[in-house]
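Several structures are given next for inspection.
Two complexes follow with chain A in common, the first pairing it with chain B and the second with chain C.
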Partner chain A sequence: MTVLQFLEGPMFYAAFAIFAVGAIWRVAGIVRLGRKPDLAPPKGSAAAGWFKGNLRHFVPRGLFAERTWMHLLGGYAFHLGLFVLLVFAAPHIAFFERFTGLSWTALPRWGFILAAEFAFAGLIVLWVRRFSDPVMRQISDRDDHAGSWLTFLVMLTGCLALEEAHDALRALHMGLVNLWLIYFPFSRLMHAFTFALARGATGAVYGRKGMNP
Partner chain B sequence: MATVPNRRATDEDGMIFMRRVLTLLALLLWAGGAPAQNATAPDTAAGGARATTLEDILARQKNRLKGTTQRLPDALREIEGRPVPLPDGDAGVPQLGTLGGASDPDLWRALKSGAQATPSSSTARGQLMQVLGEDWRLVRRQYLLRYGGYVLLGMAAIIVLFRLIRGKIAIRGGRSGRTIPRFSLSHRIAHWFLASVFILMGLSGLIILFGRPLLVEFLGRDLLVGRMGMDPSVIDTLKSVNSVLLSASLQGHNLFGPVFVLAWAIMVVRFMKGNFFQWADAKWILKGGGLLGGHASSHHYNFGEKTWYWMVVLIGLGMCATGLFLLFPMLSQTLVYHQAATLLHAIGAVLLIAVAMGHAYVGSIGMEGSIDSMLRGEVDENWAKEHHDLWYEEVTGKKADHANDPGGAEAQAEGAA
Partner chain C sequence: MTDAALTTLLDQMDADIASYLEACVHCGECAEACHFYLATKDPKYTPTWKLQPLVRAYRRHKAPLRGIRGMFGLLPPEVTEDDLRDWEELVYDSCTMCGRCTLVCPMGIDIAGTIRKMREAYAAADIAPDGLKQARENVEKTSSPMGVTAKALLAQVRHQEEETGLKIPVDREGADYMAIFSSHEIMASPEIIGAYARIFDRAGLSWTISTKAYEATNVGVQIGSAPLAKKLVRRVVDEAERLGVKYVVSPECGHAYGAIRWAGPNLLGRSFGFEVIHIIELLDRLRAEGKLPVGDKDGRRMTLHDPCQIVRRGGLLKEPRNLLEGACSNFVEMKGAGIANLCCGGGGGVSANPRAEELMIAAFGEKLKQIDEIGGIEAVVVPCANCRGVFEDGLFEHDRDEDLEVISLGQLVADRLAGDAPPKPSE
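For the complex of A and B:
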């Protein structure tokens, strides 16, 4: 068994298992926390508030947008770019198909490159802001930086292996993907799943009080 | 003048390489002859023409090759400077060419006369094969790699020497503990965005430019095999490593290129204000930026910073233009422009990387308090008074005190008198 076969086989299965079990465990744990019953009579719908809270937080409010426009642009560029890369890149689709048998239309090469440009530009801006902004610097810890760097390296090695001419580059990418999957449930990378819970919980509380979240 | 023998040496290497390739091709032709004869045998048996034998092929090639020494392109004769090497015992007949012997010189002569030939793997429409490629290769190998390396190593040496002689430039009088804002968050993000992408582009570009000469030629052939006597197979290993690095660097460089253009454009716009040259800059130059003694006053940016900014603007523009040109080869009809673009791109990159090394040194560990401006956005008051006194006076409305400067107390007293 070659290193690449190991990284794409047993190691990947193990890393994905840790990722899946760990993420489900954490989300289930948060949901099971529950909350104290609100004895006040409801003035609105908590369920509607849950959805509103989730949707409204996609757009910053009023003057707040002016102060965080760079964060906003960087955030959207990175997350959308990463999503497109992950789901619509031809090598990824081929990889998913190997395990699930499912396949869908891949992006053309120029689309992949464009998505990668957005993702990298966004991630770099977000990371630079993390250490340039005095408040962000204070509230950022090692976990934040490790998550940013690990994600960056996964993306970078994936793009460096784009020529698909060397197994070493593919192995490097897969090794980092496995590391990223293992690190994911124990870090703030979990915000990929928990953001909806946090926004929803806030929205539900406000909604029940008849307020806009 | 010193470059002439070097060019000749390289050309001789090239000729040796060509001879080897031609010999290999001759051997391949030889090896390929036997099956061809076997294939024609049934026709003969059926009463057709006599089968072509190996002797026939060799005799035909010998005849066709006679006199080809005279048909060699001028460039090859100039480079060689002596008769073309001939196979043993066959005076007057050079080794076989890639097309069986006689075609190579004709082909090259035709190309030199402007004929166009496009292989199936063309990356530029219309014209790919042309003799200027050889000049381009020589310029790249003999001048760009050599002097580019000298420039980068020279800058590193200057920085080390400066550090040893001058040491870390401390804030005279120490930190005051009071800070004033110097760069906004958007300035800092624009700066670090460009810096991050620049590092990625620089590293990948240096691997593309210097990877093989450093890794295979210098480390492998000269050092490990030549001097340390290691097994020559280590060169093949290093070639494989270089191949992987090169593939990765090329992909990374092409990918980050457009991001660099974006980061460069943001930086140009964001930092333009205050970067136009002023009268104070002339005085700053005369005092050598304070290195020649006395205090060198400056506004928000000093002459060195302004020069660096305009270098980034102008050379960066050239880098972006040539880089995009190389990224989209369909923009050009002729390969000559691509060759010029690669050279200009590399020259600009070497210049920018060299000056960026100095910029990074002075802006970080070389000068106390400098990094604060780009990390926190604010600087110590004493730092501002010492390095950007005119800006300090503009911002605070207070007079910059130079009492801590060498000879500053006397100068201040004279000024007061």
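For the complex of A and C:
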């Protein structure tokens, strides 16, 4: 078994299992804490508020967008770029097909480059802001930096491996992907799942009050 | 940390709080919504930073997968009493629990509600500002944070009867509405009692004031003591149910409304035998029913301050605007009016905390900027007695008390009733 075969085979299975079990465990651990029923007579629907809260916070309120435009641009560029790369990059689709037999249309090369540029630019903006802004320096911890660096390296090695010309580059990418998957459930990267819980909790409370969260 | 504080802190952690603490990505957006940060530019006032002791306790004692993190030595150290004391200023002096940070947060984290939960641990450890401790002591003695007694209330009621020429019913069983007030209203602006009398008389409502439960302010909510908050809510509920009223009218006071309307049933563990209605809600209902005919409109250039606990966190967004539309002819909104409006700087017990006064006045400066951006404002309608107090202090400190009048919404509505000249202030 070559290093690449190990990283794409047993190591990937193990990393993905840790990712999946860890993420489910963490979300279940939050939900399991429960909450007391709200006895105040509602003015609106908590369930509708849960969904509204989740949707509403995808879009910034105009008043605040003026003050936080740098973070907004960086955040949107990074997250949208990363999503496109993850789901529509041809090697990712091929990799997914190997395990599930499912396939879909991949991005053309120029689309990949564009998405990658958005994702890199966004991540760099967010990272520069994290170490240069006094507020960000105050509130950031090791996890914030580790998550950013790891994601950056996964993206960088992914671009290097795009041509699939060298097994070593592909192995480097897969090794970092595995590390990223293992790190994920123990880190703040979990916000990819917990955002819905937080937005939903606030949305439900506001919804009961008949407010738009 | 004292056992009581740690136990209380951990008891606060339900799925909602856990999801907030888990979802924060340290993006720092919340700083841009916080009037304390905007006024000082000090990063320590970043709202999510104020939660640090809670975050540490959660990660150490409650967070999923903490066992594995512990194996790698990645658990945070235990929160100590010194940590709580270090954070006391951030938890009490620099958070009005206004909830503006939630609006800007991409994760929708309710930092204000989480600070409220944190204060429970502080109250359990008796770590709180002296001003709030004094208010708690006054409440224990008189039920009022300012020490307003039933005798003092009755003196104000009699005075307002003379002013308005109307009988103000006291301790009347079987009335439909029981009005409660904040201490600030009773002592600093008792004319609001007369305004209620004129409005309710015009609308033909059956109402009363109770000498056993007249105080709406809930220091328990401000200091963070659920047992005290429960006791204060119970006093109003028991009296309202004894008198058999259909409604308890919450006054123009922000947190008092939330305390009885939204937190009250949860504190008591049951629903009430009456409905809680905010005075603004009631006035708007009466307006819609045509029971409050408006005479001459106030022609001054006016704007509205949205009290956080009534509007952003209370749900009463349209009602004050409906009333202003009828009562004044030159109403202008601030930029960011409504749900995103800036806090006055003194809610959540900050105005009762003398130690925080300088910071509060600085934060009020942000509010003042918001008003000044409109230009030419002669009066600002402030439907919260606590906010009005902060406005008056803030305008004085910023040397602006001469050019901007601060008025109560109830008072404005009463003064604009058709064919009802406002009473002249007595000597």
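Following the convention adopted for this analysis, the second predicted complex is superposed on the first by the 213 of 213 C-alpha atoms of A that agree within 3 Å, B and C clash if a C-alpha of one lies under 4 Å from a C-alpha of the other, contacts with A are read in each partner's own complex, and residues count from 1 in each chain.
By definition in this document, contacts are C-beta pairs under 8 Å (C-beta built on N, C-alpha and C of every residue); 3 or more make two chains touch, one makes a residue touch a chain.
These numbers come from a predicted model, not from an experiment.
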Quiz item: Since both structures carry chain A, what do chain B and chain C do when superposed there: clash or fit?
Solution: fit
Practice problem: Determine, under the contact definition given at the top, whether A:T194 touches first (chain B), second (chain C), both, or neither. | Solution: second
Exercise. Specify the angle subtended at the CA centre of chain A by the CA centres of chain B and chain C, expressed in degrees to the nearest 10.
Key: 120
Quiz item: Given the touch rule stated above, what does A:E117 touch, chain B (first), chain C (second), both, or neither?
Solution: first
Exercise. Determine, under the contact definition given at the top, whether A:F99 touches first (chain B), second (chain C), both, or neither.
Key: neither
Quiz item: Now for A:V128: first (chain B), second (chain C), both, or neither, which partner does it touch?
Solution: first
Quiz item: Touch check for A:W149: first (chain B), second (chain C), both, or neither?
Solution: neither
Quiz item: Touch check for A:F83: first (chain B), second (chain C), both, or neither?
Solution: neither
Self-check item: Comparing the two partners chain B and chain C, which touches a greater set of residues in chain A
Solution: C
Exercise. Give one of first, second, both or neither to describe whether A:A165 is in contact with chain B, with chain C, with both, or with none.
Key: first
Practice problem: Tell me which partner A:W25 touches in the superposition: chain B (first), chain C (second), both or neither. | Solution: second
Quiz item: In the superposed arrangement, does A:K209 touch chain B (first), chain C (second), both or neither?
Solution: second
Exercise. Pick out the closest CA atoms of chain B and chain C after fitting on chain A and give their distance in Å.
Key: 11
Self-check item: Contact residues common to both interfaces of chain A (with chain B and with chain C)
Solution: 129, 133-134
Self-check item: Contact set on chain A toward chain C in their complex
Solution: 22, 25-26, 28-36, 38-41, 43, 53-54, 56-57, 60-61, 63-64, 67-68, 71, 75, 129-130, 133-141, 144, 185-186, 188, 190-191, 194-195, 197-203, 205, 209-213
Practice problem: Provide the residue numbers of chain B that touch chain A in the complex, in ascending order. | Solution: 185-186, 188-189, 192-193, 196-197, 243-244, 247-252, 255-256, 258-259, 262-263, 374-377
Quiz item: Where on chain A does chain B make contact in their complex?
Solution: 70, 113, 116-117, 120-121, 124-125, 127-129, 131-134, 156, 159-163, 165-166, 168-169
Quiz item: What residues of chain C sit close enough to touch chain A in their complex?
Solution: 13-20, 22-29, 31-33, 37, 41, 43-44, 46, 48-49, 62-65, 68-69, 102-110, 113, 261-266, 269-271, 275, 312-315, 317, 335-336, 339-340
